[in-house]
Structure formats: C-alpha cells, structure tokens
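Pasting the structures in now, so scroll down.
Paired with subunit B in one complex and with subunit C in the other, subunit A is shared by the two complexes that follow.
== the complex of A and B ==
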C-alpha cells in the first residue's frame, strides 16, 4: 500500500442463513483471515465460539454490584436504626444491628437486587456504546431483519473464500 | 443445530421465514390503527379522565371523601393496590421464571406480559400514594435526611419494606423489558420510511447494531436479570402479604399468607395476560405466534395456581378451627356467613370452582370460554382482597366499634380510572412497540416453526 496512514479497506459479505453463517465463519477463520465484526438480526447460538470471542464477564460484574448493594443496605439500616437514632418500636428496641437483622432481610435483599440489576444494565449499555440517539452501528439495515453480515479487512484471496463460503453479496467499503 | 422432538407441537404456525416474522411483528406499528383500537382507546381515555377527576377531588378535599371510617380504615384503596400488584406478577413469571426453565413458549408472549406488569404496577403505586393524603409529601417514605432529627423511616415496618420492594420491582422490570426492546426497536428503525418515525425509533433503539459481542452480552444480561427477577417477584407479594400478616387482626395474622398471596398473584396475573393476549392476537392477527397451545399452557397455569389458592382457603378455615382461638374462628365464620357472605362466596366461586373447568382439554382450548374465565378469575381475585381486608376489619374486638363499609363514588371513580389508565397505556404500547420479542422468536424458528419442523421430519424420513 502506498500510504501507511490509509486504513485497510473493509470487505462486507452478506449471508442469508444462520447455519451458513456459522460454517462460513469457521471456513474464513480456518483460511487464516481475521474477522473484525459480525452483524446478526438475532443471537445466533454458537457464533461467539465460532468467532473465538471470549466469554462475557458481565455476570461477575453483576455479582460485585450486588455485594455493593448489600453493603449499602447494611450501612443504611445500621446507621439509621441503631447508630443515629435508635428507637423502641413495638417493644422491640434497636440495640444492635445483629439482633435486628431479621427485620432488615427484605431491605437487604431488595437493595442487593436493585444495585445488581441497575448497575449491570448501565454497564451493558456503556460497554456496547448504547445510548438514546446513538447512530445505528450496523452498516446495512437488512441485518436487523433477515441478513447476516461478516465484516473483515481486505486481503489477498479473501473474495474467493467468501464466495465459496456461501455469501450472497460481497461488497468492498 | 439442535432439533426438537416431533412430539412437540410447533410454536410458530404456518410457513414463516425470518423476514415474515419481521413483517408480522411490525405490521401494527406501520399500518393505521383499526377502528376497534380507536373505540377501545376512547373508552379507556374517558375512564382514565374520570379517575383523574376523582383523584383531584380527593387531593383537594382530603381522603374523607372516601367511604372509610374509624373501624374500616383500609378498604378499596388497599384492595386495589394488592389486586394490581398481583396482576403484575405474571409478566415477570413468564419472562424470568420461564426463561430459567427454558420454556420456549414464553417467547411469543413475554413482551406483552412484561408491558402488562409495568403498567399494572404503576396503577398499584397510585393507591398508597394517594392514601397518604398529602401526596406532595410522598417522598417522605424514602430515607432522606430531614430537619426533624433526622427522623428516619422505620426499617422494621413491612410498609417500608413494601416501598423498597415495589420500587425495586418496578424499576428492574422496566430495565429488563427495555434491554429486550432495544434490538426490536432497531429493527423498526431500520425499516422506517417516514423520517419522524425513523428518528423516534433511532432514539429508542440506542444505536443497536446487532454485533456478535453485543448479542453475547445481551444473552448473559438477560439470563442474570432473569435470575435476579425470579426471587424478586416472589419477594414482592411476600412482602405485600406481610403488610397484613405481621399485624394482630384475626384473619390477617397467619403464616400461610406469603405463599398464598404469591400463588394468587400468579393466578390473577395469568388471567389478565389471557384477557389481553386473546384480544391482541385477534386484532393484530397474531394467531400464528400466539397459538392455541400458548393459550392452553396459560390455562393450565391458571388451573394449578387456582387450585393452590383453593387449598390455601381451606387450610385457613381448618387452622382457624384447629387454633382454638375464638376471635380467629369468628373471623372466618363471619367471612362465610356474616354480612359480607356474598363477597366470600363470589370469591370462592370465581377462584376455586371456575378454574376447575380447565381440566377439560376441550374447554381450555376454547377461546371464548377462556376469555370469560379470565375475566371471572380477575373479579374473583379482586373479591379475595376485599374479603381479606374489609371483613377482617369491620368486626373489631369491641362490638361497639362494629361497622360496615361501602365505597363512595370517588373511590369507584379512582378504581375505574386506574382500569382506564392501564388500558390507555396498553393500547398505546400495542400500536407503537413490537408486541412480540421478534429477535428472540427468530432463534426458535428453525426448531419450532411448523414448516421447518415438517421439512426436517420429511427429510429425516428419507435417510
């Protein structure tokens, strides 16, 4: 290439079936090409493995967020009911947190779920770059209907591999 | 590729392709509303406005305009609150619990069931909010530093647990629903021709592009949210039941309340899902997706939960007798034979006897019959809450305090108003949102589509 600053042109191959897509992804990778992105209208099972994607760690994040929520709830109930203004409610004085803990179980549970669910969804939106008004990330609108697109940097012999893999359309962008 | 047993009936009828699913789901959004929609919407809006007027009158004059008295200090307001919260439970049960149990039939109905959950929890929240009297001070239920000490909220009280449970439930249901909606909004956006519509769906779809990594995270988030929502939904009605069970009123002070309320909630919720979906599938021609099999499955859930509720009623009676406590015994005798006997027997007929018809396959696959039963069940579940609340309160420990309760026109207006508000929201949803989770549904087309199953079976036979 003449200019090193110029980015490598992308090749976009369209497929019309999810099973063909999976086998195509396997063929393309076996032929030594690197896939930059795959756009699909629905979660195609096994695609992440075929592409060699790492497992998502968002569940681990959710667990951490749940622990934060639990800690907040413990602190909140301890500070308000035991430390700041202890009261004798219905003959059950709030002497220490441990003895009153059973009455706080619903609060502890709800706050754990609240933090885990909301912070996980915020994380999900941020790492996927999803926010109101963002521009559509799929280059072709048909990929939210019934087409599947593989996007990868142009390389020698790529077009032939794509044609063999069952692509119905190949375009260089 | 995973294939399903031939014994399983297809979940998507007819010869559908991925594109056909898109077309069918988007049709109500892209075409003009049918006349029936406008008629229903106008009626719902009028009911809603009547409710707004009744609420304005309540706030302006005070809750003395309701029919409450010193003995019966809780009546229609809490009845309606519990009724609406209970209805909400089916949505989460379908989207979360059935996801964990890998029940694929949930996919055609979960979007609408979750919408129903959110809209009914909104109605439920209105009742305690306005029962506070000074609704502009409603934020006092949250633990916010104040000039009285700070005087904090009471974390020992089930009423405060309710605040936390309902808030968590509503907000988590909204995000669960919305995470699923994002890819479907993107589908509507990518098809839209009208620039205004395209812009609105662009905002709603958050720029979704269906990248492989995004789908991987989508599935993980859905699974974790389902895992969180499952105990959450059980906790919500458990805590609602504790509003009653932790008190010392005969008829309320029972340990059976949490499971009994949760079963009742699922029972009434599924009945409401039936009512709504029988209309949706007809008006929007979704019979190929919301099939007779779906209706039958839900009827079986109604039958099972209705029977659990029946067992709970009988257990309550037995325990009242067996406890030897005369107040407890009187409370239940009074329910069945006292001045509110008609409410008790309406409850028994609607909730315990009517679902037993569903043992018959012929009846549970009959749409008209199902529709009638779904309405009957919701009437019955309303009476259940009324019976528990009013009949337990109206006979005080002191016979001199005994009284009766009848609602004022204002309370009736508020209740009718919430029904109107609920249907207003649901009708707007049905015209602007994809009513079927089409992205999820496309994942089961090859295994559960009628034509695809047939093709696979015929192909398999030639081997």
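== the complex of A and C ==
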C-alpha cells in the first residue's frame, strides 16, 4: 500500500532492469531504509523475498475454497442424481452416492478447481481494492511499460544510496 | 567431491548379495499349496464367472437370461471383434475355444498351475519398478537439455548418475524373456506352447490373432532395441557432458546435447508406450488399453522424481551440493507432487472408461483387482499414490522440508511398487500372490545394484559442471 497520505515527503527512484531493481532493493534495505512500495510492469521473481514481505496466505484460502467446491459438488451430485430424482444413466447403480461415485469424479474435480480459482481471484481483487472504476495507484504510468519504481519516505542519506544502487531517475514528491 | 565410501560399498554389495540369496530361495520355493485349495484356479475362469455377475446388475433385461449363456455369448462376440478376419467357425465353437482356454490352458498347460510363475512375476515387478527410476530420470535429463532448462543445471550430474542405471533392469527383463522362451515359466501367457497352433488343445484364437506382434523373437528384438536406445542415450548424454568439462567456454556441446536429447525424447515417446505394452500389458494378453503406456510412464516418472528427491536430499545433507538450495528441492518436489496427480489422472481415465462401458473384454481386467482378492491392495495403492502425497505435499513449505518430502517419498515408492505389482500379478499368477523371499529378494537385489551404479558414477567426477552455459543461472536460482 502506498503511504501517500503521510506527511513525510516521498522519494521515487526509477530503475531500468529487474535484476538491478532486486539488488537495489537489497542494498536499500541493508542500508536501513524502509521501502513503502515497489511498482513493476510485470511480476518479478524473488522481489517479495528481497523486500521482506510477509508470506501470502492466499494458499490457505485456496485450499479452503477447494474444499468448499468439493462439498458443493458432492451435495449437488447427491441431491440431483440420487436423492431428489434418481437417474439411471448407462445402467450405473444409483442406489447410493458412493456406488456411482466414479461417474461424479469429473464434476467433483471441476467444481473444486472452479471454486478455488474463482474465489481466489475475487479474494485478490477485494483485498487489493481493485474494483471496476478504481483509481490507478501507480504514480508514474511508465511503471506499466518498461520502468521499475521504488517508493520510500525521504530520509537522510537516502539519495546517495539510491544513486549508488543504480537508479536512473530520482524524484522527490 | 563425492566419495563412494567403503561403508556404502559394503551396504550396496551386501544388499545385492542378500537379495540374490533371497531370490534363489524364492525361486526354489513351491508356491502351489495355496492354489491346491481349489478355489484359486485360473483367473480367466474367475473373470468369466464374475463378468456376468457384473452384467447382472447392469441391465435388467440381460439379467433375466441365463447368466452362463450370456458370458459365453459375450466371449464369442469379443472373439470376433478381435480377429475381425471373419472366422469360419460358429459362435459356439469360438466361445468354447476361449472357455476351454480358461479352463485348461491357464491352469494346466505345463503340468501345474499359475503359482509356479510367482518368483518370475515377482522379478518382473521389481525389474519394472527399478527400470522406472532409471528411465524416468533419463527422460527428465533429456528434458533439461531439450527445453534449455536453467534451474536444474547444478543437479545434472545427479541425473546422469541415476540414468546410467537404466540398462540393468532391462537385462533382468531379457533374462525373463529368455527363460520364458525356453518355457521355464509362462509369465507372459502368450508364450505357452501350442497357443498359436489351431491343432493344439491349448489353442487360443484371440492370442493367435496377435501372433504377428506377440512372438518371442520379435519380443526379444524389441527389448534389445529399448536397451540400445535407452542405455545408449544415457551413455552419450553422460559422455558428452564429461567432455564439455574439458572444453573451453562455449555452447557447442550444449547444442549437441540438445539435439541428442530431442532425438531421444522422440524415440522414447514411441518406446515408452510399446515397452509398457510388451512387458506389462501382454501379461494379460486378451486385454488391451490404449493409454496403458502413458499410465505406466506416469508411474515410472513419479518414482524417478521421488528417488531423485531423496538422493538430492542425501547429498545436500552431506554437503556435497553446496550450490543447491531449498528452491531447487522445492522444484523437484513440485514434479513429484504434480506427477502423482498426473498418474492418478491417467489411472482414473483408464478405470472410469472401463467401469462406465462395462464391456466384458475390457472389464475382466478390473474384476480380480476391484472385486477379487486384490481389492484391499488396489484401494490402498490408490490412496498411497494420490491422497497421501497430495495431503503431505500440497503446502509450499512442505515441499521444502526434508521430513515432509521423506514421508511422501515413502508413500509414493511403496505405492508405485504396489501399482506395478497389481498390474502384473493377477495376469501372471492369478490369486496365488503374496509377499515372500522372491519379492523381497528382487527389491534388495536391485536396490543394491542401484546404489552401486549410482554412487560409483557420482564419485567418478566432480558434481559441479564446469562449462554448462546456464550454470550461473542455476546457482542464482531465486537467490
């Protein structure tokens, strides 16, 4: 989250290359400065580790969503095919759900994947406040093309560190 | 540099020797007592009996007919479909021929019942299982070159060492083919005497229709071809990689390797399927499944990934691979996890189509496995190969922790050994299966040889490549 409302002025450093960006992030943190945000045009491998971000809990959520999907699919197939209106398709046993289970496996699988994938995307969008019409948060549109930006609160000695780390452009806002 | 210590040599050597002794005991054991009890005769007959049991609850109209006639008619029909040449014989005769085969051929074609096949079948199970480690790794090694993979370069020496093992289990299979050709056993039932001869009481028109493919000389020739292609590819990839170390910096050898690897992958795409049909599927010569080759391949590949994971863990624990970190291990575990799921996908694809269509000639394969005495093993096998690795390895952290990887490895290795066992045993020995000296001996024997070959190959050269163009990429992997 960008700390745009803070009273401390922000410094924005632009980089040209993702490898330079990662080593710069490491250098800046090693020098004791706190990075508030990094904007990149594409996901950079290892950046989360270099920035020292907390590990995402989306994986746990995905597992839960998958279980929900599986439960829904079991209930769905049981209610529709066995309980409410027993259907004999291809002479397969329909006395109880378990006997006909192999026929339902594709449905169980698809619903598990469907729930996990969709709910994960919705969770991601909600947590990041990305809804239709939301204001763009990147301060410089070039970070959607070929520039990488590190944003951090101004501090003493920061500019020198940024220059040494390979920044191609430094701006104070 | 890795050293093949005398302690490890002793372990590998004694495993091989103890395995050999167990094998000798296993081959000199009389397994017939179990089968003498009467109800464990020919599985083909059991199939026939259960086939109409399965049909009975399928279709009400069919169930009202006399079950015996039903099964016979179905068999006769299957006959026609197989040979397709249009036999002059009447339906009843055909049905009788295959029934007669079920009664006599399986049970008494060489004086005693199928239980005599057991040590041979056990040796085939172990040969296929350990072959999977070698060929799966060789295939993985070839992918690394063909796809120009960066992350795994630091591990290529390990892959090479394991893939050098690929020839030994094939020699074991060649031994089985030679002894089968000499009628010391009829592990592959189509090798039985007179089975292709219309004048013989053993004649089986279904199998005779496949004579062009299933005959001993061509069978042995194909096995030799697999040996040459696979072991040859392993040898060449290894030799070139060692030569690369001595070359000045450059990419020439890398591109040579890439061409070699791509060629091998194309050849393996065909031979992986045909070898599985030959060695494993022809144990049940009446039955066929088009995805059997990929199913066997998936099991072999996940076995190989598991063994590689364990081997890399062992080497890392002993500080032989300081340039390998938990990110590399994570990727190997991902392969193990993903291919466990892939194996399940193919297993289920084969199972569900046969279960759903419920055609006698196909469903016979699953009757002893899912309705007969193999059922507990079968269910346990699927749980071990699918549920347990999924639950143990699904989290990102678990794929990096030795304890979790080790736990999943135990399930996967035991599970895939059981998978090969259940593929081969019902067709080869009927219900006179078990776990004794022959099975354990084969495991120890091959495990000892595997350790010997792999560790001595690892000790030959430094474990770090010198001139591979992507070595730095591998060492900086997510660092």
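In this section, the second predicted complex is superposed on the first by the 160 of 173 C-alpha atoms of A that agree within 3 Å, B and C clash if a C-alpha of one lies under 4 Å from a C-alpha of the other, contacts with A are read in each partner's own complex, and residues count from 1 in each chain.
Simple rule for what comes next: contacts are C-beta pairs under 8 Å (C-beta built on N, C-alpha and C of every residue); 3 or more make two chains touch, one makes a residue touch a chain.
All values derive from a computational prediction rather than experimental measurement.
Novice: So, A:103: does it touch subunit B (first), subunit C (second), both, or neither?
Specialist: both
Novice: Which partner chains sit in contact with A:13 here, subunit B, subunit C, both or neither? Use first/second/both/neither.
Specialist: Neither subunit B nor subunit C is touched by A:13.
Novice: Counting only touches as set out at the top, which of subunit B and subunit C does A:24 meet: first, second, both, neither?
Specialist: neither
Novice: Touch check for A:93: first (subunit B), second (subunit C), both, or neither?
Specialist: A:93 contacts subunit C only, not subunit B.
Novice: Considering only touches as defined above, state whether A:59 meets subunit B (first), subunit C (second), both or neither.
Specialist: After superposition on chain A, A:59 lies in contact with both partners, subunit B and subunit C.
Novice: Is A:45 in contact with subunit B, with subunit C, with both, or with neither (first, second, both, neither)?
Specialist: In the superposed model, A:45 contacts both subunit B and subunit C.
Novice: Using the touch criterion from the header, give the chain among subunit B and subunit C with more contacted residues in subunit A.
Specialist: Higher number of touched subunit A residues: B.
Novice: Once the shared chain is lined up, is A:132 touching subunit B (first), subunit C (second), both, or neither of them?
Specialist: first
Novice: Name the residues of subunit A shared by its contacts with subunit B and its contacts with subunit C.
Specialist: Residues 45, 59, 90, 92, 103, which sit in both footprints.
Novice: Could you please specify the touching residues of subunit A with respect to subunit B in the complex?
Specialist: 18-19, 37-45, 47-48, 51, 53, 55-56, 58-59, 62, 76-77, 80-81, 84-85, 87, 89-90, 92, 94, 100, 103-104, 106-107, 109-111, 113-114, 116-118, 120-121, 124-125, 127-138, 141-146
Novice: In the complex of these two chains, what residues of subunit C are touching subunit A?
Specialist: 57-59, 348, 351-352, 355-356, 358, 394-396, 478-479
Novice: Using the touch rule from the top, collect the residues of subunit A that touch subunit C in their complex.
Specialist: Those residues of subunit A that touch subunit C are 45-46, 49, 59, 63, 90-93, 102-103, 105.
Novice: Which residues of subunit B touch subunit A once you look at their complex with the stated criterion?
Specialist: So the residues of subunit B touching subunit A come out as 1, 17-19, 22, 143, 149-158, 160-161, 164-165, 167-168, 171-172, 175-176, 179, 182-183, 186-187, 189-191, 202-221, 223-225, 228-229, 231-232, 235, 239, 242, 439-440, 442-443, 446.
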